[in-house]
Amino acid sequence: MVHIDTAIAGIQLSNPMMLASGILDENGYTMLEILKKGAAAVVTKSIGTSERTGYKPPVVVPIQGGLLNAVGLANPGIDNFRDEMKIALSGNRPVFGSIFGATADEFLQLGLKMEEYGATAVELNLSCPHVAGYGTEVGSDPVLVEDIVNTLKSNLKIPVFAKLSPNVTDIVEIAKAAQKADALVLINTVRAMSIDIHARKAVLTNRYGGLSGQAIKNVGVRYVYEVSKETGKEIIGVGGIENAEDLIEYIMAGASAVQIGTALYTQGKDVFSRIAAGLVEFMESEGFNRISEMIGVAVE
Amino acid sequence: MIAKIISEVEKLGRNTVTIRFRWDQEVQPGQFLMVWLPRHSEIPISVSHTGPMKGITIRSYGETSAAMIGLREGDRIFFRGPYGRPFDTKPVRKLIVGGGSGMAGLLPLIDSDARGVVSARTSSDLLFADRFAEGHVTVVTDDGSSGIKGYAIDGLKSLPLDEFDMMYVCGPELMLKSILDYIVDKPIPAQFSLERIMKCGIGVCDSCSIDGKQLCTEGPTFTKEELLGMHEFGTARLTESGKRIQIGRH
Amino acid sequence: MVHIDTAIAGIQLSNPMMLASGILDENGYTMLEILKKGAAAVVTKSIGTSERTGYKPPVVVPIQGGLLNAVGLANPGIDNFRDEMKIALSGNRPVFGSIFGATADEFLQLGLKMEEYGATAVELNLSCPHVAGYGTEVGSDPVLVEDIVNTLKSNLKIPVFAKLSPNVTDIVEIAKAAQKADALVLINTVRAMSIDIHARKAVLTNRYGGLSGQAIKNVGVRYVYEVSKETGKEIIGVGGIENAEDLIEYIMAGASAVQIGTALYTQGKDVFSRIAAGLVEFMESEGFNRISEMIGVAVE
Amino acid sequence: MIAKIISEVEKLGRNTVTIRFRWDQEVQPGQFLMVWLPRHSEIPISVSHTGPMKGITIRSYGETSAAMIGLREGDRIFFRGPYGRPFDTKPVRKLIVGGGSGMAGLLPLIDSDARGVVSARTSSDLLFADRFAEGHVTVVTDDGSSGIKGYAIDGLKSLPLDEFDMMYVCGPELMLKSILDYIVDKPIPAQFSLERIMKCGIGVCDSCSIDGKQLCTEGPTFTKEELLGMHEFGTARLTESGKRIQIGRH
């Protein structure tokens, strides 16, 4: 008998799939719907301390092999997010509150609110622009990452996930800086851009954006593998998962669970149930009984 | 993005234009495009002309739509799509109810038999009332400057609803709500086309959602039955930032 | 009348396309064939100081949207490469000698040989493993990059191109370190990996590899745009170019010429003539007469 | 990678096996697979059985092929492909000339009318000589342990070449070269299947190239006319590192 439930940071998940942050998770009712469609958990859109409308559209551009986005951290502000959390939590499944900020203090303020709202865990989005460094992200500064993670770990009761950016020279260094986190989430989007050759202009209003979807799957698998091998930490894999094979690749690279974003666009909302069916079929034919037997088997 | 040369711009009153361009793509009534105006923004606009010579009808509301109505013949129009679930156009005897620029998306449904109720705030905002066969349209304005003084619903009340196979409705959400309330216990089937903030058009950003459904992919058309089950219909929506607000009269 | 010739570092090219390093450029006769097929120039495989057989196959894996490779710097050694250069140069078109090393001194030795063999320019492959730093590349150390580029520039008469890696936190910093180079080549492959879920094992013998092809096109465009904007340097764009639109996107992002690699696999050798035809058609319909009118038009 | 369960392993002499597995993919005679043995390497192997129950015939030469011949029924085989330009199999009266393991790729061409010349270093290395109809095969060995003592070309000399529509040849490059030289001014058309180092199998690594053509994509089969123009045929090739060497007798 095949069991596809798994656990991350001690949190039980009925299957290894959760909704990735930023996709269909701004409205509480949408998160509820995604849970009904078979996600074991949802991660909210990244929420900051104050309300932001974000960039003007185009903020999302479909391209070959995925999506480019630069939403500009649009969010209602943490104070306005209480209702959405309440609605999402009525689904009686884990809801992870994603938060972003520029300092450890901002992250702490947000984390405490998420805890108060009932979030099952917080996920730290370390990919917002780093005020100090030009063109880089909070998540590329190991000292800042360590400060943020440690501050949250010493002040929150709920688990803390650190979501790392792939846009760094050495991800292992950053992963080690985040070692107190209960789990690492790998990866956020890859820096990219699209130019419209007829308009002779970048399509995204912000010009630069983040690449997600199939195009980054093998990049994500690589980071999960490397970080798993070098740190042994619990990992949530994310990036370009569209089918059961992709999910299994992440699990075998060392992920205990995964997140799914862009596939909601390419595959529709049934992606969760379709992947679950494919996963069961694979495990049956390959003789795996539990997800835990597959985690990291390819790592050597 | 798809880029097309504008072959014609037709002015429809003070602040509304129809932009025509050749595009050999099948588009169904009820579908929309995400139209990009470089250096401005990208906004959802219904396809008002679905033949090979496509057309979109834009009313100036704010920054981007105002700039768009300034486009000229020979300029380029950039867009992606078509997106969205189209209307079911099989029903034969159509009753078409449009408020304000909502008529743009209903235009492709008008045939010689169709009956219409066209409403707007004021006479100069009325759109496409002239496209119905003679005597087939009821005009309603908030200020009474043309036709019946009142709301779309007031135009509807005098009509024999059981003579139609389908009602098609598009306009401000509160108008849709009042019509849904009115027909809830009447036998007429109906499809409604909704409008909410749309940032992506492809079902990822969650800005257009209603009760967990995305207007851009699962709508913007919904049947009477689908809307009846929705808490957020006519009551709440998210702003551009994602903040939950009550829906007020537009 | 549309002209598609261009120039890079003062070298005239009959069209903006050259063959990228590492693809069909180990055997002189193959380079000749690629020139016949319409490439304006070829870049050789990266050559080091001594002969290396590289990793055992699998060294190349076809994946969705491109290729993964970890060839392991297989090369005959610079001394054995003289014949191939001679054969390639008999095509009477520019041949750029790509070289790799771990120190400025190794690069210099190789650059001098390439100059002696008649190379039109040398291209510095800065993506080989960095002995000092774990998991990083020579090209992620700005001090080393500056040393290598400056050493070659002061000792060679032929132009020097620096090919940068996208696997860094801040490419602008590296581009500035390489500012004495006559042109920058952007980008090399993106770190990635593929796991075979039935074998439960990484497919590449080296496990980690480099992602090329369509999947990285928008990543490459982004780096070209950013580096062009921030440094104003001449740039050769590379990464996922498969058709005229892709090429134009790179040119509008600031590239003066491009390289094509993986498209030889996805599109075949006619890719050069097909892109040239598409380029002419685009320029005619958009009213561009010369490539120079398109370079960087989207940068703002 | 494609993964299939091995349904049968047939031993063919001391150091050669045929591995059978079910694979519903059309494969043409002359095409090959890149066969991966995890923890060893990936090597090109011709498809010797092209029906739904596919087969590959492997002779142990070195590290990887030696390990592969140890695979057993129920084990998995990993590969990608099929790759390469197949033989043109339309010609009716076939003359098939194979040296050593080169016979593996020629096996699918053998029909009841086919005439064959099968050569090998020694008797125990002869492959598939028994698959021709009785009296249709000429056997040649370097050491004379079976059939004619000599090289493939010696088996050919006694045959009436003008009675065949096509000659198909596979074996060491110097054997191919000697046959090409022999038939250059004879009217018989011929197709040759070549072997060189192959690292990628898909036309990118340049390790298999001959005169600018890639064996893996534009070959491994070439016609007599194509080979006649090639400088590197029978004279030079690149080693695994890419170093140019002269071709010696295998």
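Going by the order they are written in, the chains are A, B, C and D; count residues from 1 in each one.
The criterion applied here is as follows: a contact is a pair of C-beta atoms (placed from the backbone, for glycine too) under 8 Å apart; a residue touches a chain by one contact, two chains touch by 3 or more.
Please read all numbers here as calculations on a predicted model, not as lab measurements.
K.L.:
Can you list every chain in contact with both chain A and chain C?
P.N.:
none
K.L.:
With centres defined as the mean of C-alpha atoms, identify the chain lying farthest from chain C.
P.N.:
Here the answer is chain B, farthest from chain C.
K.L.:
So how far apart, in whole Å, are chain A and chain D when each is placed at the average of its C-alpha atoms?
P.N.:
Whole-Å distance between the two chain centres: 51.
K.L.:
For chain B and chain D, what's the span in angstrom between their mean Cα positions?
P.N.:
Comparing mean C-alpha positions, chain D is 67 Å from chain B.
K.L.:
With chain centres defined as C-alpha means, what is the inter-centre distance between chain C and chain D in Å?
P.N.:
Inter-chain centre distance comes to 36 Å.
K.L.:
Find every residue in chain B that makes contact with two or more other chains and list them.
P.N.:
Answer for chain B, listing residues that touch two or more other chains: there are none.
K.L.:
So which stretches of chain C touch two or more other chains?
P.N.:
Counting only residues that touch two or more other chains, chain C contributes 198, 201.
K.L.:
Chain adjacency by touch: line, ring, star, complete or other shape?
P.N.:
It is a line, because the chains touch in a row without closing up.
K.L.:
Which of the chains touch, listed as pairs?
P.N.:
A-B, A-C, C-D
K.L.:
What residues of chain A sit close enough to touch chain C in their complex?
P.N.:
Its residues touching chain C are 63-65, 68, 133-136, 140, 167-170, 172, 190-195, 197-198, 200-202, 207-208, 211, 214-219, 221-222, 225-226, 245, 248-249, 252-253, 282, 286, 297-298, 300.
K.L.:
Please give the residue numbers of chain B that touch chain A in the complex, ascending.
P.N.:
Contacts found on chain B: 1, 3, 34, 36, 38-43, 76, 78, 80, 199-207, 209-214, 231-232, 238-244.
K.L.:
Note which residues of chain A are touching chain B in the complex, please.
P.N.:
My answer: residues 23-27, 29-30, 32-34, 36, 45, 51-54, 56-60, 62, 67, 69, 71, 74-77, 80, 83-84, 196, 198-199, 201, 203, 205, 261-262, 264-265.
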